[in-house]
Each structure stands twice: as C-alpha cells, then as structure tokens.
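Labels A, B, C, D and E are assigned to the chains in the order they are written; within every chain, residues are numbered from 1.
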Amino acid sequence: MTVLSQVTVLRRLLAQRSAALALAVVAGLVLVAVAAPLITWIAGSSPTAFHGDAVDPALGGLPRGAAGGISTRHWLGVEPVNGRDVLARVVYGAQVSLLIAVLATALSVVLGTALGLVAGFFGGWVDTAIGRTMDLLLSFPSLIFMIALISAAPGVDRRLLLVVVLGFFGWPYVGRIVRGQAMVLARGEFVAAARVLGASRRALLLREVLPNLTGPVLVVATMSIPGYIATEAGLSFLGVGVQAPTPSWGQMIATAVPWYAADPAYFLIPGAFLFVTVLAFNVLGDAVRDALDPRSKRR
Amino acid sequence: TGGGAGATVTGAAAVKGGTLHVLSTLDLEHLDPARNYVTSSQDVSRLVYRTLTTFAAAPGQAGGKIVPDLATDTGRPSDGAKTWTFTLKQGVKFEDGRPITSKDVKYGVERTFAAELPEGPPYARTWLAGGESYKGPYKDPAGLASIETPDSSTVVFHLNRPVADFGSAASLPMFAPVPQDKDTGVNYDSRPFSSGPYKIDSFEPKKQLTLVRNTSWDPATDTVRKGLPDKVVIDLGLDAAVVDQRLIAGQGEDANAVALEPIGPASVGRVLNDPQLKSRLVTGDSINTRYLSINTKHKPLDDVRVRQAIAYALDKDALRTTRGGPIAGDLATSLLPPSLGYQAEDPYPSKDGKGDPDRAKALLAEAGRASGLTLTLDAPASTAGKAQAEAVQASLGRAGITVKINEISTSAFYSTVGNTSQEHDLVIAGWSPDWPGASTYLPIVFDGRLITGQGNNNYSQYDSPAVDAQIDRIAAMGDPAAAQAAYGQLAQQIMQDAPVVPFLWDKAPILVGPNVAGAYGHIAYVGRLDLVSLGLRK
Amino acid sequence: MSLLEVRNLVKRFPVRHGLTRRLAGHVTAVDGVCLVVRPGETLGLVGESGCGKSTVAKLITRLERPTSGSIQFAGRDLAELDAAALRPVRRDLQMVFQDPFSSLNPRHTVRQILAGPYRYQGLEPDQPAEELLGRVGLRPEHADRHPHEFSGGQAQRIGIARALALRPKLVVCDEPVSALDVSVQAQILNLLKDLQDEYGLSYLFIAHDLGAVRQISSRIAVMYLGSIVETADRDTLFAHPAHPYTHALLSAVPLPDPDLEASRGRIVLHGDLPSPLDPPSGCGFRTRCPKADELCAAERPQLRTIAPGQQVACHYPERTP
Amino acid sequence: MILYLLRRLAVTTAILLVVCAATFAIFYLMPADPAQGACGKACSPERIAEIRTTLGLNHSPLVQFRDYLAGIVSGRTYGSGAQAVNCPFPCLGFSFQTDQPVWQLLTGRLPVSFSIAIGAAVLWLAVGVGAGVVSALRRGSLWDRAAMTAALGGVSLPIYFTALVLQYLLVVQFELLPYPQAVPFTADPVGWAQSMVMPWITLAMLYAGIYARVTRGEMLESLGQNYVRTARAKGLPEITVVRRHALRPALMPIVTIFGMDLGALLGGALITESVFGLPGVGKLAADAIASADQPVILGVTLFAAAFVVLANLLVDLVYAVLDPRVRALG
Amino acid sequence: MTLLTVRDLAVEFRSGVRAVDGLDLDLDAGQVLGVVGESGSGKSVTSLAVLGLLRDARVSGEIRFDGRELTALDQRSLRRLRGDRIAMIFQDPLSCLNPYYSVAFQIAEAYRAHHRAGRKQAQRIAVRMLERVGIPEPERRAKAYPHEFSGGMRQRVMIAMALCLEPDLLIADEPTTALDVTVQAQILQLLRELREEAGTAIMLITHDMGVVAGLADQVAVMHQGRAVERGPVRDVFHRPQQAYTRGLLACVPRIDGPLPDRLPTLGAAE
C-alpha cells in the first residue's frame, strides 16, 4: 500500500476540473453561510422581516410581480403570505443547513472512528458487541425513528437535537468502514513491528493505526455531509426540522410545497441551492476518494 | 361575499343519481355517534344517521335554525325546561327496515357515558339527572333512569338544571338512535348503523369511505336531506394541494367532486384570477372565531395594560393572509361573530386591522414595560400553525415584544396547552360553538370556575368573578332573545379585559366540481358544504 | 550454552467456516517444535508454504501466545510473560518482516519509524536516525522521507535498521528476502551477514528458498507440517540429507546449469502438503513419502541424533555414506 | 444449516426486541397523552383517568411492554366483560385513532408499498445496473461521463424535490398523468400503473444513480481480475467474457445492497408515499407520528425493522447459494 | 521451422511507460524458449502483446505467428487464435480461475469457444484433460470449484484448460513462481511431458534461472524491455556474453558448488 502525501493528494484533487469546481462551490457556500449577515446587509434585507406590501393578500398572499416577486429590492423574490426576503432566508438557511450537517458529521465521525477502531483492532467480544450494535442501528427504520424521537422531545433546541440524532444514527456507517480498515491494519506487519518493539495498546491504536485511517475517514466525512444536508432537509420536510422562524433549506422547501404550482420560484430556489450543494459535496467526495486511492489513475 | 350568496352556481339543477365524490384532506375521526364531535365528521354523518333535531338545510344564518328530524318537533320543555319530551315520527326506519324506537335513542345517549367511547360532547353527562354516577350501558346495563321511554315513539329527558336550548343540543350526533343489538362497542365507529339516506358500503380509515343508498330511508319523513346521488365516495387523507389542483382541473370523475375543506392560501390567487374557477368557489359563513389567547396568570400578562398592548399590536391582517387573505374571512373586532347575529365595535381599533404598534408601545410604557418583554407562543407544528405563529411573532415584534415560538406536534397541541402547567404565555386558538349561539362558547371558554389542570379550554386562564356571575345569570334566562343580547354585552365586557385577541371570523372558500349542483356553505359545519343538499347535474 | 531454546512449542488456531462461522476445528500450525539458537550463529528454518514457519517466528517474538511449550530466552521463559514483563525483553529480541512496505507505517517518516524503538521502550534515543541509516547503507537525507518513496530493498534496509536500533541479541528474520527481486536479495543477504559480523548478532532466519538459507546459515532446521523433521549443520544437510523430505526438497530445487539439470536424478513428490486441519496419523510426511509403511502411519517419529550435529525425525533416515 | 437459521432468527428476534423496546421508550418521552387526545375538547380529569385504564396506560411501562410482547406472540384481550376485545395473533394492538387492529392496518397498506417498491426496484435495476455496466465497459467515453454525471445528479436530488418537480411537470403542467391514487392492481391495472409511474421514477432516479455508480465500480474491479484476462486468453467472445466472468461477480455486492434497499422500501417509502399521498406503510407511519398514534408507530417501526433484518438474512442465504466459496463451507 | 518471430517489438502505455522497447525473439515449433529477467523487465507485457490482450497501450513492431502478422489482425481473428492456437497460463492460478464456476465448466468453456460441441461432450473432454494433467479422481473433482483445490492442482487445471485445444504455442508466464519447490518440480515435470507428447512449443517466462536451465532449449535474457542476450540455453549459461547475464547468474545463491562469503550483486547499490 502506498500512501500519497497531502500535497500530492491536493494536487491530484485540483487536477480534476469537476473537483476543483465542486471545491469552489463548497467554499463559496461556506463563505455565503459565514457572511450571511454581511450579504443581507448589502442586499438590505432580513430573514425574518415581513413585507406585507410585497404580497397580495387578496390573492392569498401571492408575491406581487413575476417569478415569485423577484425585484431590485428582493433579488430572489419573497415568500408568499409574509413577504420575507428569499435571498436572506437562503443565505441564513445555508448557515443552518451546513452547520447541522458538519456537526452531525463530526459527531458520527468521532463516534464511528473511536468505536470502529476499537472493534476492528481488538476483535473478539468487543468487536462482537460493537458490531452487533452497528447492525442493530443499521436495521433501525431510522427515518421513522428520528421523526418519532424528535417530535417526542419538546423544548430542546431542534438544531442540537438534529445534530445528535443524525450523528447517532450515522456513526455505524463510519464505524463499519473504520472497523474494516482497522481490522486490516491491525494485521499489518507494521503493527506487529511496533508490538515487537514493545508498544502499548494505546500507542498501537493512536500512533500506528489511527493515522492510517485519516484517508478513509476523510472520504466518509465528505460523503456524509451531503447525506446529512439532505436528511436534515427531509426531516424538515416531514415537519420535524429546525423551528420557525429559523430558516433552513429543507424547512423552506417544506413550506413551499403547497405553493409549488402557484409560485414555482419559491419552491425551486431553495431546492436548487440544496441540489447544487449536495451535488458539489458528492463530486468532492468522489474526487477525494479517487485522489486518496493510489490505484486510481487519472483518466 | 355574503354567506351562501355567491353559492348558487349557474347551470342545470341537480338530478337524482350518479356518484358524488368528496375529497378530504382530513380523516373522519369518529363516525360513531357517541364519539362524533368534530364538525367535519358531523357534516358527513348527517348523510348516514338522523338525530332528534337537526339544522335546517339552508345557506347563511338560516342554516343555524334548528328543525325537527327524527322527532316531530324540536322538543317540548316542561318543569322550567328541566324536562324535555320528544316524539318520534312515524315511518322512520333503520337500514334493515326495522322501525326506529325511543329505546334506540335512549341507548344511543347512554353510550356516551361509556369510558370506551370517550370523545363525544359532555352534555348528557353534565345535564342528565344521575349522570355523574352512570357508567354507560356496558358496565351498567340497567340503563339511565333519567331517560324515560314511556312508549316506543316517546323519549323523555330529565335534567338536573334548566336548559333552554336542549332542543339545539338534540341535533348533536349523540342523539342519533343506535340499536343495541348492532352495537359493536369501539368497532361501531367503523360501521354505524344507518338511519339516514345512505348506509356505509365500505370504510377504510384514512383512505376512503363509500356510502350507498339506504333503501329503507323514506324521504317523506325527512324534510332536510335530499339524497340525490346514488353513491357518495369520500377520499380521505389527501394532500391539501392535490385536492385544490384536482378540483381546479375538474376533469373526469373530479367534475363530480367537491372539497370537504377550504382551499389553501396557495390556490387562492389562481382561483380568484379565473372567472370560470371563481364561479365554482362557494364561500360559506362560519361561526368560528379565531383568537390569540393571553395567559392572564403569567407575569406581566396579569397586567391588563400589557394585554391591551398586545391587542393593539397584533396585525390581524397578516394573520388572515396566512390563511388565504380576505377570502378566508373577516377581521374579527369582537368575540362573537356576525354570523351568530352580533355586531360590535372594536375596542382596540387599528387601520385596516394591521395593528397599532405605537398605541401598544404607549400602553407598555404605562405598564412599566417600555424596555420590551419576551413571551413564548405555543403553536401547533402544522404549516398553518407555523405561519400564524410567525405572523404573531413579527407583528408583536414591532411593539418591542419578543415572541419565542414553541412548536408542539399537532397531535399533542390541545392536550399540552390544555394542561395549565405546560401552557406558555400565548396560544393561537379559536372556538366554534356546538350550535349557533353563544351558550356553548362564552360559558365554556371564559368561566373561571371551569379551569382544570388538564383538558382546560380556558387557555387565558381568565378568572373574573364578575364574568362568572353574568354567565350564571344568563344561563338562568328563559327567553332566548334576552339571553342572546346579554351574551353580546358579556362579550364586550370580556373584551375590555383582553384575555384573548380575536382576529378572524372564518369563512370557508370551497371548490366544487363543474357538474355539482346545490352547493352552499353551512354555518354549523363552519362553512363546509352541506353535503345533504348536493347533487349532480347529469 | 544457548541464547534461545524452544521446547515442544505448540500453537493451535480455532478455525471458523462459512456463513455460519461455525467452529470447523483447530489448525495445529505448530506441533511440538524444538529449536536452539546459540550466540552469534544463524539458524536457518526452511519449509514449504503453510508449514508453520511464520507462526514459530510470531511465537518466539510473542506476537502470538503459545498453546503450550516453553521459549527460554536469556534465562527467562517468554511463554509465561505478560505484555508488561515482555517489554524489557524485547530490547534483546527483534524481528525483520517479509514485506518491506507493509512492515513500515506508511504515515510515518523514516525518522519517526526509527525513533519508534526508543519511544516504545521509554528510552532516550542514543543513535540518531542518520546513524542508523548509515549502518544499513542508506544516506542521512533519507530520514525525512516516507516509506513509499523507497524501493523494496531500501525499505527492507529501514526495517533492518529499526530492528537493530536497540542493539538486540537475537533477530528473527521471517522471509526477509522473499519479496525482493533476485539482485536485491543478494544485497540484503550480504548486509545481514555484515551486521552479524559487526555486532555479534544471532539470527533465526526463516525462508523457503534453500539457496538463501545455505548462504547465510550456520545450522539449518527443516520444517514440515508444523514439526521440525531435521536439524543439521549447513554442510551436513546439503551433503547428506537424512530425512526423505529434505532429500526431496533438495532435489526439487532447479539448478541454474542446463547440463546438471539434464543429468540429475529427480525425486518428484506426489500430492501437496496435507491440511494442518486434518493431519495424517503418525509421521506427517508419510502421505508423500516414498518409504512410508505401517509403522509410519502408526507411530510418530521423534527427533533423534543420528550423527554429530544432525538430528532427524524419521523411522527410516537416509544412511550417511 | 437449520441450526444456522435458528440462530439467525434468534438474532433477528433480539434486534426486533431492541427496536421494540427503544420505540416503546420513546413513547414515554412523547408529550402527547393519548388519553387526553382521546378525551377531546370536553374533558374532565376523572374521564382522563378512566380512559387511561381502558387503554391500559395505568400500568407501569414495563408491564405494558410485557403485555405488548405477549400480544405479539399469542394475541391478547383488551378490557374485560362485555366490552372485552380480542386481538388475535399477531397482536400489535389497536390504533388509538381508528381503533383498528394495527396488524390489519399494516397488511392493508402493504399492497401499495409493495407496488411502489417492487416497480421502482425493477426500474432502477434495469437502468442503474445497465448504465453502470455500459459505463464500465466504455470507461472514459462520452457515454461514461454523461451517465456518471446523470447518476451523480440522481444521487444528489432530494426525493421530495424530484417528486414535486415530476408532479408539477407531468400532472399540473402537461396533464399527462392523473394525481396518484391508491388503485389496486387487480381492479384497474392501467390506473394502477399510472398512479405508480411517478413514485417509481422518483425512487428510481435516486437508486438508479446509486446502482449505476456501484455497478460501474464493481465492474471495473471485476474486469481487472485475472480470471477475466484468462477468459479472454481462452478466446471467448467478448460478450461472454463480460456477462459470465465480469458481470456475475460484480453482481454479488449489488445483491447485498439491493436486499437492504428493497427491505427498507418494503417497510415503507416514507417521503415518496407522503408526497404522492399514497396510502402505503410509509404514509401510515408519517400519519401515525403526526397524530401520535403510538400503537401504530410502534407497529410500523417493528414492521419496517423486520423487513430490513429479514432482507439481511435473505441476502446472506442468497449469497450462500450464489457464491460457491460460501456455499461449500456453509 | 519458426513458429513465432518477434521483431523490434515496442509497447508504450498511455502513462508514457515504454515497457517493451525493441525486443526480438524467435521460437521454433516444438521448442521451449525461456524468457528470463528481473521484475519489471517487460516479460509479462510481451506475452500479453503476443496474445493481443493489452489494452490502453500502443504496440509497434512485428509479431509473426505461423506466418501471420498478429499486429495486423482484427480482434475477431485474434480471438479465434487465442486458446485455439496460442494458449496461455499465468502466475497466480487462483486469481486466474473464476471462483463462481466449476473447474470443468471453465475448461469446457475454452473448448466450446472454438469447437461446436454440446455441453456433455465438452464436459467429457474437460474430465479427460483433468486426468491427463494428473488430477486424481477427475470425474469427481471436475465438479469442484477452484477454491477447493491446492495451488499446484489449480495450476494443473490452468494447464488442462490451455491444452484442451492442443495449441501450437503455450505461453507460460511464471507458471511456478507462486508454488513451493516440491510442487514446482511436479509442474515442471508435467510441462516436460506435455512437450514431449504433444510437441507444443512453450514460451516459458520466469525469473528463475534454474527453471530455464531445466526446461528450455533457447533462452532470451530481458532487461529494460529488450533482449540483451539470446541463444541456445547451453551457450548462454556456460558462456554468457553480457555482463548483465553473468551478474544475473551469479547473484542467485545456489545450493551446490562453492559458497562465497559475499554474494556478487548486480550493478551498483540502489
């Protein structure tokens, strides 16, 4: 097994045009999310302010003007009924969606790596116990379960709850991969070599095995971020997302659903953002995997 | 648009026959007469079973009139309205052809006492003499002595207090006859025995209810129901947007369809902009009033000035827009809607109902709350609930009141806010009386003595001895007209204390298919179509 | 006087199979091995694939726990010690692995790899990485590279440098040249020999290549199906193999000389190494042995001395001429 | 083999037991009190207490759990006396909402979920695996790049987004299809198919994307195997080489994920069914959660989990049949 | 008679690696040509080039087999040639057999690719071939799967597969490298017998000088993609002309002859 240095990986990554583009999109999104206050300041809007004059109550609150009320004041139009600025909500929504996805990924990666590492390295009953737990969690109808769990826990900050629930149901996916890798690595001769030198188990785990997991873990992390973004949106869609008036993309799409025929722009705009983000992360995930895989030759 | 005025759709009149489709976003919660206590189910069940009295089949306020149904009249009070006697019509039959007797009516009322069938109205339990200790026919087969059946067509109710509008109460499904040998307990819900023009052919909860003609029903005994279609198919649990879209398209079988529920805000624009569609929109009046409840037990909401500030600040127009704009109803200025025959000045006026944040701020300053305050609003986690909560949040925000939204899953909403220890500062609520009139409204919602730890309906926890005394005084009145006037004054009295801020008197804009005739909104079914009058043109 | 003395070493592995992961039995990978390594000498251990050579190496270095038997090393029985007690012993007992790449942590630099021995022993490094590299013929500037930047031979040199860092007495080499190209094999064999001369090391040198074993060993043990079938001085073994298996093994090695190849008599054994899951009764070699008879099936031959410095486990050893 | 099956079934049962216990535990967190919900707007504390007794909510959670489990294995009787209701095996209780036996609700919903899952599976297998194979064979070609871009797009499209866009285009805009409705196949095959087309496409977009990517990867892997080279060296026609020697091994991992995916879908396609308003098991779950109908939530969760674990078991058995290495040792 | 002539063969991969670079080889019918060389010298690439099995590579030069120029043939004609006239066995017999099919099926498959034969008939031929390569109980073992065979037996199966069509040329790429010496001796013996019985020409690729010495008539020593030395086996072994060949012969430790203190090494230290 050969390992590529960080520089090589980055170079290989950027050499793929799609990956470079995806990286740019992701970076742009992060920037947008971080700079949300600035952007809304420039655009002169706020994610929560109602603009009753931008909608027509007589028509059930349909935005005035074409394409969901796109105008110089509201660059991406306004929400029907309350006239909130869609751009402001989309950029603040990016903040929420990305934050939840990244934190949930962090949680599942930490849990998954720790438990997968221990299971794969030690084997035996530890492995059996952790492995069974993972099987169990994987056979949970997790979507039903997540909805039931979230709707059952009132009063808790939904964002926190989403992170915890997503991370909790997500770690077995990381754990499985890490476990497999750790199992292979634990049998590797360099681990035997460290043992012969008298290394303690802790040292074997942390110094010898763990550094070799960064590649696969990086790949699953990149791959799971879009999954979490989509799941968070899905949960919001099913009514257990972040609480109003906090915007998230899923929650925006969910409120736009009844309007999909009357005001398609309202539905398409957050949907497009969601799609592009998930796509960019997926492309990036693929690219990271390819770049880390020494076997893969550039086509 | 007045109630039912724009309702008569031009074109050929209804003929007998055909299959009427009803598209519903809801599920029919309970069809069992003992458990049937939501207006949508009552609207549907009127096709299936008859009650002692019922509402007139007419648009507008005329629909609020109580008329005889199974009984020959609307009940004969005696003993100072403590005893009520009903006589059944001759020739009324169940679906199997057997005659309906007074025993069947008595048994039907007794069933509402059973703990297994808990959801129904409380009137029998609270009003009938000896009702406190009676456990229903399953545990107590001897029956309730205060319901007498001297002969097979006479039923006499002995009450523990005078009840002037018992005749109106007798229109509730709980006064429908149930033959004891057909009672299947909790399973009766899925197949109540028919006494009306239709019987249940099949019922899959949350999917579909199919009604077919009941040949034992004799139209001669029924002045209310037309019974025109041969078959009524009610699709349940549909998506609201899909129902709207299907009726807008109105194609195929959907030409013979009506919606059970009002159109959603998202469809309003489309319908109003199209004269063709607009002609198929029936806007019915409703007796429902929506209001924001303010918890008077919480600080600083115990200060009437703070509550009045909220009343001034609330943007009723924005709230109405979340429900579809002007078509969804009129901005409420008082507790009692015009559809119940009331008119009143708004004690907290603002231009176009958009609220008056300046007045609100002034009142807050007066109350020593110039720096603002933070309140928590309990809202159901439904689309409409969230939209309304956000509108409340935005409009009170203008007066410096920060509102935090506590989303509660729809199923838990009423049990949570009805629990005085779990309820927060503000609740978006509303009330429809059980029959037109204020007697099943103000006394239930504002009587401080009825506040209970659980299952509370007085979300403002408003407890005013003066109001309680008024309630008792009005209840004892024998003259309905005087009582009505007195309730009007009581409402104004309550408004001064601002325990709730009424914001909308509902109207129900409902789409009907191009081939459906006889559609009008019925006031007692909160503006939904009166299903018994519908028919197909061809 | 011996540095390492292994007696009756046995190792069984449970074997699970198939969908059910049911216990299919036990593999007796090492079945009563006895070995002696003296200070400064190289004991070569040869045998076919799967006969248990690596398992012996792992048992001696205590990467595996023996099922039974004793491993006397520098006056202690390693078979008995736990991880903590083993740690100081490991300074004297090191190992070189077969695959030069997989035995080096790909995420570490050479410097980190060479610091490992001190770190894991809790010692201050007394020889900088550059010095260790110099000893195995690598340049100091190699210290900051990662393993994948080296060729197989160079990587194996790093593995050897690591094993030598703690100045051990015995180095167990498990097929250190098998994965290397012919030309590189020679370099590593030379290096091992040079280091032995320089530091007075002892080697247990495991290989299946008889030529390499002959080149480096002073004594040779031949293993078959988990047991030692013959031990002899190098020259004795090649000149006068006593066990029929040793004999066949030697005759199977092709000689790089067309004339010799054409003229030489061959013993071609039938069949393969029996499965250690289901070993034959009596002598393990009897299923392929041209001399086998009932005795071989009934009774397992013990290792016995038939000539000075030559022990064999066979009922019918070849006669020394 | 019998022993193995028994052991697997035991593990399966254990998993379901834990799922059951966890779901049960959630109920005690739930804010909705079913008794209060049932009591409606005219409620008194005494009445709530009475209802609690009827619903068996007055027992300790542990006792309720025990009774529930007992009901699954041997049926149980609710209430007593004249009103006693017998709930035959396998008893998952009665819906708080509709009083119907949960088991009957679930089985009643199955045809719809099956129609959706199986139709979609056929579609995505055909499209996904087909596209993956062609892509692998023409690695780097225009087709490959186009197919993989499309697959990535499919994977990245949230289901409800696809569903609504489809519905907007096919139903609202161009009126090519009616709104999906639950039409039994036996009653009206054409109507059934028309209603199912959009759910099929919606799910297939996602899964075909996943399968195309997996298939391509597995095919590339197996095409690089030495035995494929051997097959070519034998002079086999390329089509045989691909079909027999590359595709078959590549299908093995696909069988695994297919089993899992299908198992999960048979237990209800929550979002798809909700968006299209089709009354399958997933919609049942969504509705039950929205109305806090606890027996139904519990039933659906168990049901869905059972499909997943059974699919797992089945996949393992199929593996044993298809892979001689596992078969021989089984 | 010359069966195979390779002239100025060059193979360049898309990555730019020139694995074979100006190679010349000659092989007469019924003869054994040993091709030796270090790892990476281009031996396997050469064999694949002869069969036309290289993908992603530019092949130039001449490969003339039995009078026909292979580089000019289309895939169809090449496919007919493969297996039928030129057969090949590879180094790692396990990975070269498809684990999903029985060994007899895989042998029969080769036969049926070139002959019109029913399943039954092909199966019978497969069993006969298994018997011929020395698999005991061929009837029973025919139904077995590759994983149920030991390494040596798998290589016998490969050989059976290669020989069932009685090819003119067998290319054996490191046929014994993965095997133990005793098993290697068995396989070499088998190849020797086959060559005598069927007169098949063999191109024997290996890095083991001993194997070449024991089996080949001619030898070509490859280094960096070309044959640095070619000739009859005796000449090359006894009188190597090139320093490279001499080094290759000397650096391998032997089990006979004098024991040098240090082994000579090839070229400078790496």
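Keep in mind that, in the parts below, a contact is a pair of C-beta atoms (placed from the backbone, for glycine too) under 8 Å apart; a residue touches a chain by one contact, two chains touch by 3 or more.
None of the values given here were measured: they were computed from a predicted structure.
Student: Does B-D or A-C have the larger number of C-beta pairs in contact?
Tutor: B-D
Student: Report the chain ID whose CA centroid sits closest to the centroid of the full protein CA set.
Tutor: D
Student: Would you mind pulling out the distance in Å between where the CA atoms of subunit B average out and where those of subunit C do?
Tutor: The answer is 90 Å.
Student: So the centre of each chain is just the mean of its C-alpha atoms; given that, what is the distance between subunit A and subunit E in Å?
Tutor: 53
Student: Report the inter-centroid distance (CA atoms only) between subunit A and subunit B in whole Å.
Tutor: Using C-alpha averages as centres, the distance is 45 Å.
Student: Of all residues in subunit B, which are in touch with two or more distinct other chains?
Tutor: Each of 245, 408-409, 412, 416 in subunit B touches at least two other chains.
Student: Any idea which subunit A residues touch subunit B in the complex?
Tutor: Where subunit A meets subunit B, its residues are 48-50, 52, 55-62, 80-82, 151, 154-155, 239-240, 243-245, 254-255, 257-263.
Student: Which residues, counting only subunit D, touch subunit B once they are in their complex?
Tutor: 30-33, 36-45, 47-48, 50-51, 53-54, 79, 81-83, 85, 94-95, 97-100, 108, 171-172, 175, 178-179, 181-182, 275, 277, 279, 283-284, 287, 289-293
Student: Which residues of subunit A touch subunit D in their complex?
Tutor: My answer: residues 132, 135-136, 138-141, 143-145, 147-149, 151-154, 226, 230, 233-234, 237-239, 250, 253, 257, 260-261, 264, 267, 271, 274-275, 278-279, 282-283, 286, 299.
Student: For the complex, give me every residue of subunit B touching subunit D.
Tutor: 27, 29, 37, 114-116, 118-122, 138-139, 141, 185-187, 189-190, 204-207, 235, 237-239, 242, 245-246, 249, 251-252, 408-412, 414-416, 418-419, 422, 452-455, 457
Student: Which residues, counting only subunit D, touch subunit A once they are in their complex?
Tutor: On the subunit D side, the touching residues are 11, 15, 18-19, 22-23, 26-27, 29-31, 139-140, 152-153, 155-161, 164-165, 167-168, 172, 264, 267-268, 270-271, 274, 285-286, 289-290, 292, 297, 300-301, 304-305, 308-309, 312.
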